[in-house]
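One structure below.
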Amino acid sequence: MVRPRGVSRELIAVRVARELRDGMAVNLGIGLPTLVANYVPADVAVWFQAENGLLGYGGVAEAGAFDPDLINASGQPVTLRPGACCLDSAQAFAMIRGGHLDVAVLGGLQVSERGDLANWLVPERGGGSIGGAMDLALGARRVIVAMEHTTKGGAPRLLRRCTYPLTAARCVDLVVTDLAVVAVTPRGFELREVAPGVTPEEVQAVTEARLHPAPDVREMEF
Amino acid sequence: MVRPRGVSRELIAVRVARELRDGMAVNLGIGLPTLVANYVPADVAVWFQAENGLLGYGGVAEAGAFDPDLINASGQPVTLRPGACCLDSAQAFAMIRGGHLDVAVLGGLQVSERGDLANWLVPERGGGSIGGAMDLALGARRVIVAMEHTTKGGAPRLLRRCTYPLTAARCVDLVVTDLAVVAVTPRGFELREVAPGVTPEEVQAVTEARLHPAPDVREMEF
Amino acid sequence: MRDKLFQSPQAAIHDLPEGATVMVGGFASAGVPEHLIRALVERGTAGLTVIVNSIAADRAVDALCRKRQVRKAVTSFAVRASAARRGLFEEQYRQGLVELELVPQGTLAERIRAGGAGIGAFYVPVAPGTVAAEGKETRVLNGRLHVLERPLRADFAFIRAHKADRAGNLVYRGAGRNFNAVMATAADVVVAEVDEVVEVGALDPEHVVTPGVYVDRLVVCRRGPVPWYQEEA
Amino acid sequence: MRDKLFQSPQAAIHDLPEGATVMVGGFASAGVPEHLIRALVERGTAGLTVIVNSIAADRAVDALCRKRQVRKAVTSFAVRASAARRGLFEEQYRQGLVELELVPQGTLAERIRAGGAGIGAFYVPVAPGTVAAEGKETRVLNGRLHVLERPLRADFAFIRAHKADRAGNLVYRGAGRNFNAVMATAADVVVAEVDEVVEVGALDPEHVVTPGVYVDRLVVCRRGPVPWYQEEA
């Protein structure tokens, strides 16, 4: 079976950004999720929190004079927007664990149909590094996973059960991939959107778990 | 028996102030202890902490323009010294409970010979109000109790066992009263100093617990 | 950006329901949200659980007892040292009309922080063997007896700060942070009364004490030279 | 007033003993006490337990593994995502030469705070059912499974701040507070390297982040344009 060609990482980020609303507090995980900060519409004021201690940063900064103290949790240079503030790590995670973030956008290795997330350890690579992923997965009010729909080798990542060690159980609300937008619902995965030119059947073919089509499966909009 | 005449509340505070060393962090409880801030020698820099959120305040402020946000835990106006900083209540008590204060000077109703302190509830008055007393009694590295040696009615306050509800057990290191300076030691109360013109026997006569005289009982110095 | 600014203290608490749990910041004269308290007195909402450092020394909060709005207080000071100055809460407590949960001040602050920080429960070495530990689990940790304490949360928190920007970022003055800064993290609706509201960007990110994401509503209430509750008391 | 200012990083850690537990602040490039770490590398003190957010991403700390100074790391990042950039710690860990206690980052920060704040232990809803909870007590609180976590303390804490006054009050820059501000409360000897030391009174009391009572030693180390560990790595 040929894996359908999906959208770019940038378009995944653009699609995730459309989930964000004015006034929300949002944490972006390491990797793909960090791109989201660059695609928020100008009229939507989102408070991006970096667990290393910045709340209210903007997009990734231009190359040039690197300020080592103005970085996001991925270590990338960022700028501060008006209304930003600085936190220490205990304060940043009190905000995360205390349920004060509206959304966490996290990278994923595997997501199960009941919303379990595995994103911190590739068994072949060994482990480990946890970082802030467990806190974010459990603390944010809504967890969006942004990832490629399959591994580079084509193995499914939306599974009946995760086979990798879990980051957190029953935490994921929405998965945005290069092929589809999938919600985690009480009956399992619900296929809501497909990438342009990709059919629901093609998405199901590279998804281990069953995808329940939403009443109105649409094309992903960016 | 006639209760000997002791020193003034101000002199109790002066004597307590002599226990404080340069660089110490010190909390002064409500009532008599607040006077101590006014009697620290000029060449001794003590960091007075008020649990309502000031670290590094000086003496009680002059009457005049009252600033409602610059007060100690007794609600009295204070001034900030150079090097002061502001804390919230959780931070102030993290400092107290975490063992970062060198000394707490607390008022007392009763102290037992094993160092139990009762200072928060007069049973006849009923209760209650705890305030920060329990945290301070347990958290400070050294607890000094500053109080009158007896009740107004002449009843002893240095007891074998406290009869009032405890603030904390085995917490008191030193008691400074209008009649004496008494240390809590493994063998019980040790009488170290007596007020001018007062004999050790007179102090014992108004003390329920046994006072073990120190090798060199001296006159209180101010 | 959502506008958090309300035109009056009354408007800022218009939906505070009967039976609500309300946290009230302030310590003696510092950082007391007195205009919000007064609005709640005027509103007359009953059945309240009030979480406040001192219901004894804070006559603004005590005024909530005039019309029996308070059902329960969680506080570290419920009774003044001097019997000559009894508060209304104390009177009602002695008559068995209100419930009192007396908490050591540091434990009160930490329980509120825990409520805001997603801590399920915690052990402190404070108060074992005293009335404040009655009915609570104890455990020896690191050779020392500890008491298990639970987090506190509220439906509303009333906060007094010095300045806010329109995003809700707050700075305080002097001893004004006290319980305000922790309570701002531990309630569903956080209402801050402030001396002044400034534009977003006017507060230095390094100086913000309470991040705006914690603050839902703002109201500007200038302080008078004499607190209202002293006039009325 | 006691003088807290030391003339060099070496002098500021002259009595750091073998087998010590050392907390090291910093997060990626922000707030890393690199001069103190370098002094510890030069000193060669062995048998260390290092508590640090990332021993994988922080090459300054990883350099402590060159001469096998690290016995154990308590950290949230021990292994880089890319196998192409293995650190020395990772190599030694895979060979069974060092011990690793892997902790979720928020729990790591909270355990350090607890160590500084006199909290005996605390429950968090983070990590039940994962490797990070193995061997730990769990308990259902408020309908949710929690894990019991213990405080962390150290013999020394290495802190990077922006400015200090001579009393040890600290302010930071941007994301530089990270683990520095909590670690400053949780060690017997707290050493801060700073860009600049100012006179007592030059820092606004409202802006101080770490009170001077927490800070024992200061050393001025200006940052160069390129961190030393990049040159040497």
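Going in written order, the chains are labelled A, B, C and D, and every chain counts its residues from 1.
One rule holds in what follows: contacts are C-beta pairs under 8 Å (C-beta built on N, C-alpha and C of every residue); 3 or more make two chains touch, one makes a residue touch a chain.
These numbers were taken from a predicted model, which means no experiment stands behind them.
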item: Far-end chain from chain B, centres as C-alpha averages; value: A
item: Length of the line joining the C-alpha centres of chain B and chain D, rounded to whole Å; value: 37
item: Approximate Å spacing (C-alpha centroids) for the pair chain C, chain D; value: 34
item: Centroid spacing, where centroids are CA-atom means, of chain B and chain C in whole angstrom; value: 29
item: Residues of chain A touching at least two other chains; value: 80, 86-87, 93-94, 96-97, 139
item: Numbers and ranges of chain C residues touching at least 2 other chains; value: 110, 113, 117-119, 124-125, 172-174, 205-206
item: Topology of the chain contact graph, where touching chains are joined (line, ring, star, complete, other); value: other
item: Those chain pairs that satisfy the touch definition; value: A-C, A-D, B-C, B-D, C-D
item: Touch list for chain B against partner chain D, complex; value: 22-23, 25, 45, 47, 49, 55-56, 80, 82-87, 93-100, 139
item: Of all residues in chain B, those that touch chain C in their complex; value: 30-31, 50-54, 66-71, 73-75, 80, 86-90, 92-94, 96-97, 125-135, 138-139, 165-169
item: Chain C residues touching chain D - in the complex, by the definition given at the top; value: 110, 114, 117-125, 139, 141-142, 144, 146, 171-174, 205-207
item: Chain B contact footprint on chain C (complex, rising order); value: 27-31, 53-54, 56-57, 76-81, 83, 94, 100, 102-110, 112-113, 124-127, 129-132, 162, 172-182, 209, 223, 227
item: Complex interface listing, chain D residues touching chain B; value: 1-2, 113, 115-119, 165, 167, 169, 185, 200-201, 203, 205-206, 208, 211-214
